[in-house]
Every structure is written in structure tokens, then in C-alpha cells.
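Provided herewith is a single structure, encoded as C-alpha cells, for subsequent inquiry.
Just so it is clear, A, B and C label the chains in written order, and each chain counts residues from 1 on its own.
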């Protein structure tokens, strides 16, 4: 063991004026795609669109939980491997080169989703699979898949009801696991999922009202699937114009897909949210800016006492060897 | 509910009604079943076909097949090669082409031994190439097959199918979106080749031992999910017929049929089922007639259990398969004719949709009837017709049983003596008839294999005539059964026979509805009329009627009628001779089918129907004396009687 | 101000480099295969000269810290993880540098004295978080302890092997995509910005017939005397490209990977590219720095070597004679696996081992069969050319439902120039409702069998010998035998699957039947039967009785 010199760089964080909410300290995102099978390509494209925006606007991978129920990018059916496009003209590869999926395939279940939100995960769960939010976290929850009146289907074999969703969020509130939640859902009859929420500080938007279907945007005839849903397509279009310094508000985002383009009516629930969405910057939920100010003056740092490491133990020469690569058939005893 | 109560303690009201009116009930039910069946063809009873499996996404992808020139070139070269190989498969040319395209190419040798003459052996060779999915791991596969027909074959030619298959292989090898391996299979000797290939693929033997030696395959593609068989007879296709009937009446998943149908319609080619296209008429009766004819045609094919194309052999392995047969001339006037590019696009569309599937076909129906290519009848709609008919057997058996109990009760009360019922003798009779049935089913092979002095004769003679002799001898069995004059024993035998017939017919209807229905519609009314009777004339009439319902007689009559329709211009004598020949052939073919492919029609007829027929035949010989207790009049059993017995 | 920070940063890094004891190398082997494909194999080796038994892994300058923590926390001696998509076709492509079965394979040796089962489960969970794969599905129901098939590749103090410290599991259904590559790349010292790792662009490397990424951790000798240990981490990427998919036979680094190599990674001591030009008539541009000839087991291989420097490097290969078709001799040993039988009652698993060598070969066949496929050991049959072969040894631990899989290891000698079939029969079983996956009609996977053998010839053989770590150690490395671990295909089996839309109908039906049976039973056991005289009741009397009963209820 030898001595190490320690170098320190000091940064101080100053709170920027536009941060009106003193309780908001960090951002998390939980993005879930609940559909499996190749013909549900568009749901994966939906969730990856939001993932891309959220990452671009600053939330690091360690604070994004991405759940994708099936693999589209490396699916042998995909004629453009390693990519998921949001547009038939292949404008944006929403899958990208730097993606980390935390829950995938059979792991995307209702139980795992609720455990993730409430924090009741079994011991041994790796950090990247845990939602380690605290009372200062603004959490963005995005769900997409096939839904109905009061439920959302997970992988065609189970459902989560709106009551269960509301209860999970209430548990989060009781355990002080969030400061504010923005709940986005892009499914058929999406509004039914947030009707039963009863915890404070939740702003919810759904791509369609009860009784309406959310429609897909268009077909990519070279792949042969519906490639993205309408609501998320226009939401992505809006978010592509947002950059980390932007001053667009949540109110503008809530108006992003009028009925003329979306065909379904976008539903919004504001009563549990105590701020006016028009005054909330979009980066409160989609971005993760922590304004940083670099100080120009140097500060003196005292060196820590370096520990003298104990003397090396008496060096005992041992003989190591490589093992024979395969058994000798003649010497095996039964 | 008297489910668990002792049936002899008393007769409930329901039973009394049953005993009084059971014959009318049976008649009504039978007629109801027939009417239900006739009503199946009405548009209100059947529904339009639709796609159950969302994952198929048919027709959504843009077609990219452009290799029609290659197909034309392959076709020319193949015709040249076929001139060199007159009656066998030009396998070296096919192997070379597959290798050139870049597929993994293999040959498969198989040998068929004649079931009646062990020294006769026929060998064949299949050629197949596997297109490995570019990013897949060879765990799933799709099959595109075509039967190779040399120029000497009696069937219409299939050289264009081979050509389009090669062109499609070339196209598909370039694309990178295949998730499953595609196996391009060219078989020889029609269905034997496909059966041998499938048996080698799965390492099983479906027929009898040592008949079909299936050899071994070197290359496989994993679990096969679906197969498309092509039989295109010319370069220009004016009509595309889809054939679905498989071995033992099994059908592919309805979604596969819908997919093929939609792809053909998308290309604009006249798409037919059973050679009939979509039919529109304002007169409901004409519509009904058209649907009914189609339905009967499909049922006729399904009932024999013989597949009408190579696709039929895939079904037992859980592989959904159908055949696309392309004709140049179409029945519709002025229909669109498509060239190789069109057929290539149809195949491409089908395979792209099959490629989209992750799971096996499981959503849509496996049991259905098709009155036309865009309407279907599901099992829940058609099964009541045959259940009503067969239910009569059970009702009659039930009623006769209760009557028998009543008789014995009465006997006990009046203390008359009648010969006791010898149950063991009845059971013995029953088992002996079944033993004879097993014997009959094995006679042909036994005779031809072990009695070699007969080998000089033709197959017809050495197989069919011993069988015929056996059956004729069996007709004399009732004369040896002494207890045929005991009424009670015969009643019991009758009940047993009816129960057996009802059960067997229901089981067959589940597997092969057409066969079950045709057997039911013929045998049920005759079985209802066979009773132990008191008058001789009735007995003679029953015997005559039941004789007509013998399986061999029915077969002969059906074949004769068929011959008459096929050759209307010939004289009666020639038709009879031809028909008799055809009957012999059909019996022999069904024996061969059961030994090579495992077709169970022959087995079921000889092991079950003939013994059952014998049981009824014995019952029809029962003529009892008049002074036995006449239980036709139902009387209420009074309390006085019960008290007496107590 | 900026200058100061930058210079401080560089000093920091240089210090790190000097204070790091060990070597970091990266190599790339490009080998055009006989059959229209080109094989590329990346190997990134990080060798750290510390004693893994004593190291606390608190301070790991260039060795990836997550792996260090895993080694220390779970008492791992050796670890091999591979994630693969596509199938390696032995018959046409020969042997890869590292064999891997489709899906995920994890093989680990633990240090003696540790709680292996607990550590194994925790290891699986940690790896699932580290590599973004569903490795948390590894548990006792798919883990086995192979005795003969796998031996530690690293060094040990004693020669005694105890197979209670080894665990092997495979997940055939796992997919590999960019989300696995991204964290894997972050374990590399230079990440993917410079050096050979910059070639790993997901859009290109997933457009391949075979794609495998691996992590191999083992203790090695620090020097020739082998008196002290070092910890070696090898990260490998194996890719097989197809000319048809590429579009042309003349490949180049830009065509394969999307870009050439920009700069050398400053931390590596050796960064080389080898192009195998044995029996190939290709012209390389730019001309190689060196030509290496390797004689290994009688096979002569010619390789062209490029040393990566800070200059931009894009290797372009041009096939001279397009009409030259080279003959391909199949490798001495390869195998296939398939299912036999039809229907949903019984079937068989057949493993066919092809021996193309002129002498017989000893092989070890290992199968890890899931618990829901109950196999019958008495039906195990080994045949070659119609003759029965008796296995030399057999190791068999039967499956226990929902607890452990079937472990079968067969030691046998396959005769020369034949195909040997190993057949074992099984039954189809029903599973419980909840045990079916969401895509139940897809089927269940049976993982690949592993056939290990020590081949006498090195034909089509590229693996690195176990006492070396670099690709360059495999040159002229003739040994007495060459170890191969042949993998087969995964199998998909369709178990009897219920109709999941039927539960309510079934419950109603069952309850109705039960009720119908219960009613009469209850009646018979509890009701008292009284004989009543029966006489014809007149209608008027009936009406009177009815009115009377009505009145009674009114008054009550």
C-alpha cells in the first residue's frame, strides 16, 4: 500500500430564483410499458420517447426506472436492429445508444410495479431497480399499454385497477416518497386510471376520457406495425423543442394534443395539485436541473493524515497452478 | 332430483312419461337433428370470418417481392431438367439451386415397404433447404412445401410451385427480418414423401411398424409452427383454391385460412374454397342451397379422413397447414390472372404475417365448417345437430332399461317364472363379437403376409376377398346363439349395443364431425327400429333393414352412386363392374392408409362398427313367444303391490 | 483557470496510471469464415496485480469497481457471464474463441468456506442490476453443480476440486440488446470513447447473425513463477456478420462498425488488430504492420497485425478472386439438439453428436433440464450407427418439482466418423395456473446442452489457451489437446396450455355439478321418508288447500 495524494475540488450550490418550491430537490422518473408482442411496437416507442426526452433534459439514468415488457429493438423481426423509431421516416431513433432498461420482459408485473412505487422490494434488489425517492423528489410516472375502464393490462395476463394505483400513490405519500407527482397515461380510456386518486400533489393527464379509445398515429409499412400513438407522438414533438433552460410551463404541455389531432380528448386532473400548472416550469418534472455556480476563488484544504498501512505480512511463497481443462476419463471413480 | 336414488323403488312421473312416449321423442329428436343440420347453412346460423389473432397484422407491410424474372427462369430450367428425369425428382439440380441461393441444403432418403408384399420396396428422396433466420437461434421454423410431380404423374403438374418457391427463397435470404427459420421442402411421391419427412423430423413412426422407413434428417429448424403447401399448376393463376381438410378430419386453425384468404383477395386473384367462390344472391333459398352444397362438399372430404393435399399430414404434429392450389382457368368469368409476381407476393404476405406471430395459433377455432370462404360455423353451432340424433340412442336405451326393470318388478309381484337373464352370456356374446371385429381388421395383412401362395394374385384378390368371405361368414353368427329367443337377454344386448353406438358416434363426432354425422344419420334410424319383436314379419323387416346398414353395403352403395355421377354415359353393367372394382380399391386404400399414415377409419370401422353391427344383427333375430309378459302397457304400480312385496 | 483544471486533471490521470499495477490490453481478431460470413472477436483484458483473497476492493483505480465489490462481497473466485443472441453454427464456422449458448449463461466458483447458495442468489441479483438483464430469475430451480463439464480456468492452490462450490445456470429466453451493452461498456477503462471500444456501435453490432458479450473474471499467475496471484477481467464481444446483410463481400471497419478507430486509448498498453488471412485471397488496405504465422496443432494460420496508434485506422479488405470457392472441412466435433415425438403426452430430447474425426473422441455431455420436464433415466439410450453404446460414467440428480432441475452428465466415447444420438424420454405435465408466463402459447425453453471435449486437433480452432490471456497467446500455442465446449440449440416445447379465458366458466360448471350431486345426498341423509297414500286429488280440493295455506301465512 502506498500513499495517495488527495485532490479536492469544491463546488457550492446556490438556489436559483426560479426555484419557487423550496421542497423540490431532485427528480425521478418511472416509465412503464406494459405490452408485450411485436404488434405492440408502438407502446415501446411511446415509453422510449418519454425516456429520451427525460434523459435529454437532465435526469440521469440512476434516477430513471424504465420498465419495458418486450424487446423491440433487438427483436429478430425488426428490420432495423438496435433501433426503435417514432416515425415511419425514421426521424428519431428513440432507443439510442445509451439506454438502461431496469425491468424488462417477464419482470414487468403488477406486483413489481407496486413494490417499486411503495419501496417494498426484497433484500438484495440492486440499486438500479429501486425507486430511492425522498420527500423532495418530483416523480414523473408514465404508463402506456392497453387499458380499459378502471384498469390497465399488464402483458395480457393481469391487470392493475385504478384503486390499486391510487392506493400505491397514497402509500408513497404516507412514506414521504414524493414531493409532487406528474402522472401521464397513454392508453384507451386513460382518464379512468386517475379518477380514484386521493393523495395530494398529484397532477394527472390521460390521453383519452372514459369511453374513448386512444388511437395510434400511423403505420410504418416497411416494418409492418403501428409505430407510435398519437398522444405521445405530439407530446414528443413538443418536448423535442424543450431544452434544459427552457421556460415552457406545464400548462402548455397539458394542452399538447387537441382533439383535432388526437381524435380522443386529453383528460387532465388538477384538483389534487396545489400549484397552477401554468406557473410550473416543465423542467420541474421532465428535467433535473440543479443550478451550479462555480466559485472563482480557491480555498485552502488541509491534507488528511494519511494512514500508515500495516507492514506487509511475511511473504509466504505459495505455489499456484492451472487445473487440467478436462477430466481424465481413465481416473474417474463412480 | 332422483340422481342418486334407487331406480327400482318407484317410477317417477318423468320416467312414466318417458316410457309412454319415448319412441315419439326419439323420432322428433332425430328429425330435429336433421332440421338443425339443414339450418346450419342459413346465413343467420353462421357468421362472417374474422381475425382472432391480433398479432398477425395481415397485409400491413408493404410487399417487396420482385423476383418474378428469376421465377420464370427457374421454371424454364426445371422443365428442361424434368425432360431428363422422366419419373423421378431432379434432385441434383434442386440441390444446386438451393446451394446457390445460400441455404443449408439437405437430402432425405426414405423407403416404403408394401404392406401386402414385404419384398416390394419403393424408395424416394426429398430435398429441402433451410433458410436460417438472420438473427434467430433456430428454435422455431415455418415450412413452405410443394410436391414434386414428374411429367408421368397422373396429377396436375407443380413445376411452377417449385419455381416460385426457389424465387421466394432467393428473395427471403436477402431480408433480415425473419424471426423463424424457413424450411423449403420439395417432396416426392405425394403424401408418402411428406409423411416420411415429418416422421424423420420428429423421430416417430405413425403407422404400422416397418412399413415406412423414414430415414434420418441432418438439418432441422426447431419447432415448426405453420406450413404452407403449394400446388400451382401454371405460371398464370386465375383461381386460387385453398384446401384445408387433413388426416382424420383434422383442420388447421381458422386464422390461417383467413390469412391465406385475405392475402389472395388482396392480390386480386379469384379465391375459392371447394372450387366455389363468394356467392351473392338476393334469393335466400339460392344462398342457402349454395352454402349447403359447399358444406356437404367439405363434409364429404372430411368424412373419409383422407387429406386432400400434403398439408393434411402436418396437423397431427400440431403444425397448422393448408394448401394453395392454383389453376389457370377460373370459374369466374373475366377474373384477374396473376403472374409469378402476384403469387410471390401472396406467399410473402402470408409468411410476413406468420413471422409476426410470437405464440402458436391458439385464438381462433380448430373445429369448424366452412359454407363459403368468408363464413364459418363453429363447433358450438353444429354439434347440437348430431347430439340430438345420437341422444335418441341414449333415450331409447334408458327407456328400454326402465321397462326391463318394470318387467322384472312385475314378474316378482306376480311370481311368474321366466328364464333368468344370463348376464355372463350376454357379456360373452358382446366380447366375442368384438373379438371377431379385431380378427376381421387383421385378416388382410395376415393373409397376404403369411400365406405366400397367394402372392401370385393381385392385391385386390388376395386382400379383399378373404375379408369379404369373413364378413359373410359373420352373418351367420346369430344362428349359433341359442339365447336369441330369450327376450330379456336380447333386450339387454340391445341396450348395450345402443349405448355403445351412441358413445362411439359422439366420440367420433368430436374428432371428425362429418364422419360422425354421416354415420349417425344412416345408422340411428335403423338402430331405433331394431327391437326384439314378437311378429315374424317385423323381424324379417328389421333384418333386411339392418342388413342394408352394414358398413360394406353402405360403402358399396356410396361408391356406386359416385361412379354413376362420374361416368354418366356408361351402361349400367359397366357402371356396376367399375363400382365393384372401386369398392375393392377403396377398402384396400383405407387399409394401406391406416398402415402408412395411421388413418383410423379402417380401424374404427372393423373394430367397433362391425361388432356393434353384429350385436344389433343378433338382436334382430330375436323372435319371442307371445305369452311372455307384455309390458307395452304401462301400469301404475299400486301401493298394494309394494305392500305385498314388503 | 481552465488551464489549471485541465493540467491538474492530466496529472491526476498520469498518477493513476503509474500507481496502477497491472496491464490493460485490447485486441480485435477478424476472421473471414468460409461460408459468406466474417467473424470478429474483441477482447479487453484488465489484469490487476493484487491478491484477490486479501484485497478489499475499496480503491480500484482502473479495475471496474462494481465488479470488485461483487468479488469481495460474495466470495467469488471465478466468474463467467455471457449474454448471447443468435446461434453459433459449428458446422460452417468452426470454433469461436469463447463458446456461449443462446441466452444468458452464468458460471461461478466460490471460495471454499462461503455460504454458496445465499451468495449465488445475491450474485444473480447484483448482476441483474449491473448488466440490466433479468438475471434475477436465476435461482435453485435452474441452477446445477456440474462435476465434469466445467473446470476452473484460473489458478488454484491445491489440486482438489470440490464441485459443491461451483454453480451454473442458463436462461435461454433472455435477449441481448443495447441496454446490456451500455453498462458493459461502462466497465471498460476507456469506456467507449477511444480505442477499440469505440467500434462497438449498437446499431451495427446488433445487425449480426451471432452476437455475444461476455465477462470473465479469474485469478491468474502474476508471472512465470506463479507464486502470486493476479486478478484478470476479460470482456469479450463476438460477432458474426453476414455478407448478404452487409451487402458486399468487401468488408471494412467502417462497414462493420460504422466507423474506424480514431485514437488509441491512453490507458492500454497493447492495442492490436489481427486479420486472419489463411487461405483467403484478400488485399488489405492500409498494409499491415506485421505478418504473424501461427502453427498450432499442425494447422498453419497466417494473420496480419495492425497496431493501433493515435492515427485514424480503417481497415478495408478486398476479395481478389471472387470465383475462388474454398472448401470447408467441418470441425471434428459438433452437435445438435431437438425434440422427438408428437402430441402432448410424451416426447424425447435427442442430442446428436457428430464426430468427423478419424479417431474416437471422449466427450462429456451435460444437460440442465427444467423441472417441468420430468425425464426418465431408464429410457436413456446412446446409439451410433445402430449400435448401442454404454456410457463410461453417469451423473444424475433428478428434478424435484418447483425446487431443482434435472442434472445429467454423461461421459461417453463417440466412435469415429459417426453421429451418436443420446435420447431420453419425458412426459408432458400440467403446471399450476400462475406458473405460465404471459406468452404461454409460445412455449417453454429448454437450455442448450454442453458437450465438452479435449480435441486432438486444432482445426478451425481459435480459443486462447487457459494459461494465456491474450489472443496473441494463442499463436503457436500447441498443446496436447484443445478444449472445446460445444453448445447446441435451445429447444422450445409446448406444454399443455389451458385456455386462460375459461376460469369463470369452469368454476361455474364445477360448482353446478357439485351442487347437483350435493342436493340429493343431503336429501337422502337428512330427510325422513314417509309413505303417503296416494289418491286422486280433485281440483276443487287443491284450490281449497291453496287458499287455506295463503290465509295461514297472512295471519302469521
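To be clear about the criterion, a contact is a pair of C-beta atoms (placed from the backbone, for glycine too) under 8 Å apart; a residue touches a chain by one contact, two chains touch by 3 or more.
Molecules present, by chain and UniProt name: A = GPI-anchor transamidase; B = GPI-anchor transamidase component GPAA1; C = GPI transamidase component PIG-T.
Not measured: the values here are computed from a predicted model.
> Compute per-chain Cα centres, compare each with the mean of all protein Cα atoms, and return the closest chain.
C
> Given the two chain pairs B-C and A-C, which is bridged by the higher number of C-beta pairs in contact?
So, comparing the two chain pairs, more contacts are at A-C.
> Can you give the whole-Å distance between the Cα centres of chain A (GPI-anchor transamidase) and chain B?
56
> Between chain B and chain C, what is the gap in Å from one C-alpha centre to the other?
Here chain B and chain C have centroids separated by 46 Å.
> With centres defined as the mean C-alpha position, give me the chain A (GPI-anchor transamidase)-chain C separation in Å.
Using C-alpha averages as centres, the distance is 29 Å.
> What are the residues of chain B that contact at least two other chains?
Within chain B, the residues that touch at least two other chains are 134-136, 176, 358.
> Name the residues of chain C that each touch 2 or more other chains.
85, 206-207, 439
> Counting only residues that touch at least 2 other chains, which ones in chain A (GPI-anchor transamidase) make the list?
Counting only residues that touch two or more other chains, chain A (GPI-anchor transamidase) contributes 36-37, 74-75, 81.
> For chain B, which residues are in contact with chain C within the complex?
Chain B reaches chain C through residues 1-5, 102, 132, 134-140, 173-174, 176, 202-204, 220, 222-223, 316-318, 358-360, 362, 639.
> Along chain A (GPI-anchor transamidase), where are the residues that touch chain B in the complex?
Residues in contact with chain B: 36-39, 74-79, 81, 219, 221-225.
> Within the complex, which stretch of chain A (GPI-anchor transamidase) touches chain C?
Residue positions touching the partner: 2, 4-5, 7, 36-37, 71, 73-75, 80-83, 93, 95-102, 104-107, 124-129, 154-158, 296, 317-327, 329, 332, 334.
> Which part of chain C faces chain A (GPI-anchor transamidase) closely enough to touch in the complex?
Against chain A (GPI-anchor transamidase), chain C makes touches at 1, 8, 12, 15, 19, 59, 85, 121-122, 125-126, 128-130, 132-134, 136-137, 148, 151-157, 159, 161, 173-179, 182-183, 201-207, 219, 221, 226-229, 362, 364, 392-393, 411, 413, 437-439, 452-454, 466-467, 481, 483, 500.
> Touching residues of chain B toward chain A (GPI-anchor transamidase) in the complex: what are they?
By the definition above, chain B touches chain A (GPI-anchor transamidase) via 54-55, 57, 60-62, 133-136, 175-179, 352, 355-356, 358.
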